[in-house]
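What follows is a group of structures, each given as structure tokens.
In what comes next, chain A is part of two complexes: it sits with chain B in the first one and with chain C in the second one.
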Partner chain A sequence: MYDIGMTVFNGLAWAMATFLVAAGLTLIFGILHILNFAHGGFFMIGAYVSYSIMMAFGGSLPLWLYLVGAMASGIVVGLLGWAVDKLVFRRLRDVEDAYSLIATYALLLVCGGAVQLIWGLNYMGVMPPPALNTVVFVGDMFMPTFTIFIILSGIVAYIGLEFFISKTSTGRLIRVVAADPWMAQLLGLNVKKIYLITVIFSFAMAGTAGGLLMPNQSLSPELGGIFLLQAFGVVILGGMGSIRGAFYAALLLGLIESFGTYFFPQYPGIFFLLALAVILLLKPEGIMGKGQTA
Partner chain B sequence: MIDYRARFRSNLLIASCGLAVFAVVPLVANSGLMFLAGLVAINVVFGLSWNLLFSGAGLLSFGHAMFFGGGAYAMAVVSLRLPELPFLVGLALGAGCGALIALIFGFIALRRASGVYFAVLTLAFSELVHILITKTTFLGRNDGLVGVPRPEIDLGLFRLDLTSATAYYYFIIVAMAAAAFALWCFQNSPAGRLIKAIKQDSVRTAFLGTSVFAWQLTAFVLSGAIAAFCGAVMVPFTQIASPEIAYWTVSTQPILFTLLGGAGNFWGPAVGAILFGAIDYGTRAMHGLSEITVGTLLLVVVLVIPGGLLGFVRHRRKKTRGKAKASTAGDTGARS
Partner chain C sequence: MAYKINRRAVVKGMGATGLAMPFLNAATASAQSGPITLGVVTPLSGPAQLIGNFVRHGAEIGADYINANGGVNGREIQLEFRDSKVNPNDASVAARELIGAGANLQLGTISSAVALAMGPLLESEGGVVITSGAGTDKLNHENYNPHVFRVGDSPVSRNAGLVRHIANSRPDIRKWAGIIPDHEYGRTTWKIFEATMRKVIPELTGEEAEIAEPVLVPYGSGDYRNYISQAMRLDVEGIYTSVYGGDAVTLYQQSQPFGLFEKTDVLLDSANEFLVATAMREQTPAHWSGFHWYYEANKGNPLSDDLYSSYVERTGDQYPMGWAAEAHAAIMAYAKAIEKTGNTDTMDVIAALKGLSFDSATGMRHIREEDNQAIKNAELAFIEPSSSEDSGFAVTDYVSLDGEKVVEPARPGKTLDLSTL
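Then we have the complex of A and B:
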């Protein structure tokens, strides 16, 4: 019982951390049909910006400052998103899929290089804020408060996104453009502007995710790649940019990964890849099927 | 009609010029630069093998590191654990290992996935291979296999001593030239053109009675075998097989070479690999600068000149030639 509980808990932690990164990725994939390699890079920049903010305030932070720091990195990275849309994404509309994938990979390279230039190659790390650096006992299971916080953040992010996409007018406009950009243009919508909003929003999410997940991570220029692969898996498995699909895919892959690692502890990190390959073979269109955009 | 004989001759000329440059490197440069040149030569063919899939078959692979790493590890295992096997057998086993990996994963990936999905599936498979290597004690886990010896080849009549770095460097050049030649021949063979036809219109070629799946798999296996061959040749040169050579960033290397140099030209990846080596060497003093330079260049290439460096040159030449033709046409028109 103890083991099953802890394994589920670990799976949830994996799932929600990955979903926080994948949410922005899936949004761009659903609306612009670009699988954005650079997302991992901007996630990483968010983590580093947040780290710098923390260091400027002396390292150990109260909870509210940690949250403000994450927001601030969201804003910084969102602004970068504005520049990236103007300079790069706007020009990728008429480019083949393969080439736009490679272009976003080039952006990832630039991000990695910039992080190395600004923050250096050394590994850096921060502790979670003291308020989250405790442990909760449920029965005989001990759960780090910070992990619980990440799981809750993931769920809040999911509910918030679903609400934003399905209930607000901006969210509805985004769905319209995702479904048929040509028709949306005919109806007089400013498609370019909606693309821009989507990109900024997605980048801001990457930055915030970086700020939130930064404690307990070792910050290094490779950080972008680590989360990126997991997030890619979640986005692809979730179907074409479906946020609900990504959420369920994250849960599924997280549980598979943590149960796999529980039974075969010598092979961590392998089971979600295996599961991804097998599920894609059986259902190439992802678990939510087609037509579930945004 | 394409004159294949003329095309062969011009490509032979290009290849010989490139070979001559690589051959004089040990005579004029220090051992550090020669080491770099050897790696660049391997990268040239690694890029060519990737472009066989990309431009030849229209498949975007983000997993070539699994072949490269697979070949490298096969070679390292053979020379460290089975030293009684001849070196050339080790090379063949390395290439075969890549072909086998390509056959297994290609069979799965090509069946269902295409486009971006294919790219991500190959990425996932490649990461799978990388993790398996880091967790296998037989393959040295995270430390890799160290101290791979450079071989002596017994050719019956005489022995070829490749234990010095310079001798092995020349072996690399010869081996890579042979691999590039094989790739060129394949791409200009009926099979190579058939695969290109599948890339251009897979539905129509299927309608004409071709098995699209079988031919794509053939291209995938061949590309994997050549990439693995590159890895196998590299290991005795660097004398180490470490898990980093199977990491996904290695998969992106041939993509960089090809796109920088120009995907539409057979020699594009070669130009890109040499350019990449030069950038890496020129910016080695400052961490991160190389990534920023290469990344920015790649962005410019994709956004502004999708044909890469060689495509750009060809485009410019056509333009000036076109202008010259137009002006002579104008002249004759005025005269009559």
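Then we have the complex of A and C:
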């Protein structure tokens, strides 16, 4: 029972950490139809910004300051999103997908270079705030509070996004533009502005995710690539552009990865990829179908 | 069209050759009397640039030291750098280009894959390389190539040294587990650890070592919680790991709330030197780490002192890591070999390197003639968190073990024989 409980717990942690990164990625794809390779790079910048804030306050922060740091990272990366939309994404809207892939991959390299220039090559790391650096015992299961916090953050992010997309007027406008930008423009909607809001919001989510996940994670210019592959897997399986799909896909893949590692420890790290391949063979459009934003 | 060779053409040819001879002789003389150019093929960009920077500084400091002391037979050493990108294809292109430019003597390889690719290439192109930290055991065993030399530790001397030291100092710890990266190097280190521990513990205690199946972890993962949970289920007293670089930092950080390292008495880290400690500072778990070179263990050695002070002066970084000493040692080995043979011809330098004894930042090293593997001291340091240090950690113990006692016997062309450890 202990083993099964810990396996589920670890699977949920994998799932929600990945969903936090994947949410912005799938939103941009759903609205702008750009597969943003640079998303991992901006997640990484968010983590580094949060690290700098944390170190400026002495390294060990109270919970509220850690949360403020993560939000500040979101704002910084959101502003970078504004610049990226003006300089890059606007030029990619009417070109073939291959150009988008090349341009966003180049942006990922720029992010890596910027991190090297500003923060250097050395590995860095910080521990979670003291309030989250404890353990909760449930029976004989021990659950680190930081991991519980990440799981809750993922769930809160999902509920918040669902609410934003379904219930707010901005969210509804985003859905209209995602469904038919040409018709939205005919109806007098400022499509460019909605694109810009989407990009800023998605980048801000990447930055906040970086800030939240930064403790318990080594920081290096390689960080951008570490979560990107998992996030792409979740976005593809969830049905490109679907937030709900990404959430369920993250849960599914996280639990498969966790149970796979538990039952077959001699094959570490392959179950995510194996499950992705098998499910896409059976359901190529993803578990929620293609292009359903929220 | 057929060419006719007549008397007039022969005379013309002889005349032209005669006119050119002084210039040809001058060029040849210059190649053997001007500066000696050594090629350094090492990562200068990408994820491994951090390591490549140590190689670059170590090589430059070594060359400066030689040049400040009169050069090699009066000739200055010059370095020509190329980016390997830790990729065998890119490294091959760079090595070939350097040979074309006259730099047939090379160093700087840190990656096992690149080092293994260099042998056949350099053999066909007429070059030689001294690796600067490549860790595969195949280099001096089944993939042995006379054009590749390793003047640093073999994975056996590093890991067997670590095991022998711990087994001697803590023979009471008999229950061990490993957290091992699931790739060739990780599995190699584990088999060396397991074989040595199974041999040494019964010798010391008369009892068998209890060694659990290793916990295999993927390379480049952001989440090690499943693997930490696996390790937590084991009833062990010591943990050995060869997880490396950023992966090790993430693994160590995520292990802390689980209390994995508090649960066990000893943590052995095969190779991270200061990589984990500089990242985690006061959160660093107390651990023994293997080192290519630990400067405090070599204090008083002029080469070590010069390497350390020059490195700190250049970078401001107080914690140089061993790759700098490996590149530095490669320069010292080339200098001694060229001094001995009097020229830079590949085959002559290979002959001079084989069986060569030379001084280095870790003291005298001897390159075995049979498999091009150096015998050098195995160095280990115990790193603990320390609130009194600005860095947040301190080295509180270190040892330097006689290389002869921890290196495996030479078996070029054959696989590593674990029964000989």
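Side notes on the structure shown:
Just so it is clear, the second predicted complex is superposed on the first by the 290 of 294 C-alpha atoms of A that agree within 3 Å, B and C clash if a C-alpha of one lies under 4 Å from a C-alpha of the other, contacts with A are read in each partner's own complex, and residues count from 1 in each chain.
Here is the rule we use: a residue touches a chain if its C-beta (ideal position, glycine included) is under 8 Å from a C-beta of that chain, and two chains touch if they have at least 3 such contacts.
All figures in this text were calculated on a predicted structure; none of them were measured in a lab.
The superposed arrangement places chain B and chain C in clashing positions on chain A. In the superposition on chain A, contact of A:265 is made with chain C only, not with chain B.
In the superposition on chain A, A:97 contacts chain B only, with no contact to chain C.
In the superposition on chain A, A:121 makes contact with both chain B and chain C. In the overlay built on the shared chain, the residue A:233 is in contact with chain B alone; chain C does not reach it.
By the touch criterion defined above, A:56 reaches neither chain B nor chain C.
In the overlay built on the shared chain, the residue A:225 is in contact with chain B and with chain C. Only one of the stretches 7-15, 61-69 or 115-123 belonging to chain C has C-alpha atoms clashing with chain B in the superposition, and it is 115-123. Overlap of the chain B and chain C interfaces on chain A comprises residues 116, 121, 221, 225, 266-267, 269-270.
Those residues of chain C that touch chain A in the shared complex are 47, 49-50, 53, 182, 213, 215-223, 225-227, 229-230, 233, 245-250, 253-254, 256-259, 275-276, 278-281, 283. Those residues of chain B that touch chain A in the complex are listed here as 54, 60, 108, 111-113, 115-117, 119-121, 123-125, 127-128, 131-132, 135, 248-249, 252, 255, 259, 286-296, 298-299, 302-303, 306. Only residues 3, 6-7, 10-11, 13-14, 17, 59, 116, 121-125, 127-128, 133-135, 142, 144-147, 213, 215-223, 225-227, 230, 257-258, 261-262, 265-270 of chain A touch chain C when the two sit together in their complex. Within the complex, the chain A residues that touch chain B are 35, 88, 91-92, 95, 97-103, 105-110, 112-117, 120-121, 221, 225, 229, 232-233, 236, 266-267, 269-270, 273-274, 276-277, 280-281, 284.
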